[in-house]
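Across the two complexes that follow, subunit A remains constant while its partner is subunit B and subsequently subunit C.
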Partner chain A sequence: MKPTARAVDVRRYRIVRNVVLAWLTAMILAAFLLDIPKINILEHTARNLYFHVPMWFTMMAAVFVSAAHSIQVLRGGSLLSDIRALQAARVGTAFGLMGLVTGIWWSKFTWYVGTDVWWNFDPRQTMAALQLLIYGAYFVLRSAVDEPVRRARVAAVYNIFAAVTVPFLLYVLPRQLQSLHPGADGNPAFSEITAPVMRLVFYPAVIGFIGLFWVLYTQRVRLAAAKLRVTQDPEL
Partner chain B sequence: MNWLHGTWAVLQKELRLEMRSRYAVNMLVMFVVSSLVLIAYAVGQTEIAPRLQVALLWIVILFAASIGLGRAFVAEDERGTVLLLRLNVRGSMVYTGKLVFNYLLLLGVDVIATLVVTVFLDMDIVYPGLLAAVLALGSLGLAGATTLLSAIIARTSNRGPLLPVLLFPILVPLLLSVVTGSEAALDVRDGWPAAMESLATLAGFAGVLITTAILLFDYVWED
Partner chain C sequence: MTLLPQDTLQQAVDSLRTPAGTTAYDSIWPGAAGIPTQAPSALERVMLADDKIFVVLVVVLLIWIGISIFLLRTDRKLDALERAVAERIPEDDDAL
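Here is the complex of A and B:
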């Protein structure tokens, strides 16, 4: 395994970064300024839809990217694949944490208003928390191996092994726990009752945050690849 | 070498080594008994619900597995027998042999833990066959995950307490199913029909875990 010459196409990175920055600025302005219908209890918290949901979509995208690069590592890929798997997991964890916080806060003031609970073992919430636990274990495992090539291999094995178990939760959890999330238990996901103006902001928000993921991820890959060139170890 | 033959050879080696020192068996028995007795003292005279009884039972089994089975590959490293194994048998044989050995140990843990919980925490088993099936299937998945992860642990530099950290997030689907399945064995109204879904999940989970582990094991085992 030897580091390849160029990890990142810097020109493409700069173009995408500028586009994403402009796109997200417009999207956030629209999220706060556009008028939305007032619904009892939900009120202005409905705007959280533009942030909470895209965070999850982004984390799922990150999980796929990370697992795909872990498979690449085992198929004889370079240390660069390992860097990509790690950085996707890191940025994904950041998005997952933000999704969890925005979700807990939102539900506290809407679904659980009056009951005053923070955590109610909603299936999706549980699954997301579990994915974060897995990544936590993945980072701990990485810090326990000193030699880069061996670390790449061992971490990739764990990442794939853990990724295999997560889909089981899709089957197990909904049978044991009730969900209030849209799209589960016959709740409509995105239907005609959702105001059209919200779709107008929501879809661009999803694209924008996934774009932000790409920018942060590529930036970190670039940094780690530079470290690898200088020190022979991407994490020094 | 024939695959079954190699697996049997690895299993035989494990059994023979265990017969000599009896370290793992003694350690597991003492861990399960002392931790459950500790729980029983802490709970005291309080009645605890069936759900809580099976939850405690499974938590103790999980901890016993993560503490007692973590040394499978570290011990090979320390004795310097890794190269010998690599030369003589293929990776999948090593994995399967150790898996069977760990599974036998875990079945012993299940029996002892269930006995202790029945006596000290007053667990009322209505469907013994169902509880045995849940324990057997749950332990299979547990053994499959623990065996691969203990091979991973042997590749790290500070091998101590890493196994529980790696193991527990992976086992959440298993834990949820075994607890529901075991709970059904304690309730007269539930029984087999209520536990079918849990049993199916457990069988699927064990199958997927072990298949993936066999596919991935070579990458950890070979240098």
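Here is the complex of A and C:
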């Protein structure tokens, strides 16, 4: 059985953490300092592309990591796999919440400018909110089972189904419906319209935020592994 | 309430008026002539440029640096906790 102390390679963790912190600092500087084309309605808010969109890319990466560890649980893995699945889902959901909130804020001053509307059940936003509720049910399900090994298995089955809904709710369905969000019917997606200078910041931002996910996720795995060792229960 | 003389009232109303095309919140506010008591400092010249976006940049950087310090401090506590756990609980007790 694997010793808890080696659940995480602490030296690698520190190196990645320091690189991520420096990388994202440079990204923030570039996000504000580089000149971008001025577009009506969007104006300076186009810079939100560097922050809002990577939240969803990061959540997708987190869902993938979480589901992979849930599969490990069902293939006879240790409680460590369950810890990793749970913490990836936790941090991923936090990024998803930040994506939803920043999206509501951005839409208020672009789509809904000059109105009192904050939320209009735009399909893209509604599906994203539904996605977060599906993950909310994952955490509720976990809290309903007391025995750690049984909880790991039940939660793993649900988590794999939850992960399967993600591509449909975030990519497939919103593109079939009329939405104000880019990438919907009659509304060009990122690839066709984004200026080259913005790609220069956007792709590093995606990498940086996924790196930040890895740091926060690994930090929580270390904490949960220590808790498991002390209390025989990894729930965090 | 004391009633002001008509000409004093008129002066007060005039002082609130700004020329056409400006509002009281514009950076260039004729109504506030004389308020900047000195030429803009080097810091002001940088921060007020480009619709004051650099003010936002500094706010975001301060928040980001704050979060980073918080993350590093949490890591140090985690290192200490892991050392304490390793010392007090032997490896073969491990549930993993």
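The rule is short, and it goes like this: the second predicted complex is superposed on the first by the 209 of 236 C-alpha atoms of A that agree within 3 Å, B and C clash if a C-alpha of one lies under 4 Å from a C-alpha of the other, contacts with A are read in each partner's own complex, and residues count from 1 in each chain.
Note that a residue touches a chain if its C-beta (ideal position, glycine included) is under 8 Å from a C-beta of that chain, and two chains touch if they have at least 3 such contacts.
Computed from a prediction, not measured in an experiment: that's the story for all the values here.
By the touch criterion defined above, A:L173 lies against subunit B but remains apart from subunit C after alignment on the C-alpha atoms of chain A. Applying the stated contact rule after C-alpha superposition, one finds that A:L29 touches subunit C and leaves subunit B untouched.
Contacts of A:D146 after superposition: subunit B is touched, whereas subunit C is not reached. Legend: residue contacts after superposition of the two complexes on their common chain; A:A156 is shown touching subunit B, with no touch to subunit C. In the superposition on chain A, A:L86 contacts neither subunit B nor subunit C. Touch criterion not met for A:V221: it reaches neither subunit B nor subunit C. By the document's definition of touching, of the two partners only subunit C reaches A:V10; subunit B does not. After overlaying the two complexes on the shared chain, residue contacts for A:A205 are found with neither subunit B nor subunit C.
Residues of subunit A touching subunit B in their complex: 74, 130, 133-134, 136-137, 140-141, 144-146, 150, 153-154, 156-158, 160-162, 164-165, 168-169, 171-173, 175-176.
Touching subunit A in their complex are the following residues of subunit C: 51, 53-54, 56-57, 60-61, 64-65, 68, 71-72, 74-75, 78-79, 81-82, 85-86, 89, 91, 93-96. Note for the complex: subunit B touches subunit A at residues 145, 148-149, 152, 155-158, 162, 165-166, 168-173, 176-177, 180, 197, 201, 204-205, 208-209, 212-213, 216, 219-220, 223. The part of subunit A that touches subunit C in the complex is made up of residues 1-5, 7, 10, 14, 17, 21, 24-25, 28-29, 32-33, 44, 78-80, 148, 215-216, 219, 222-223, 225-226, 228-230, 232.
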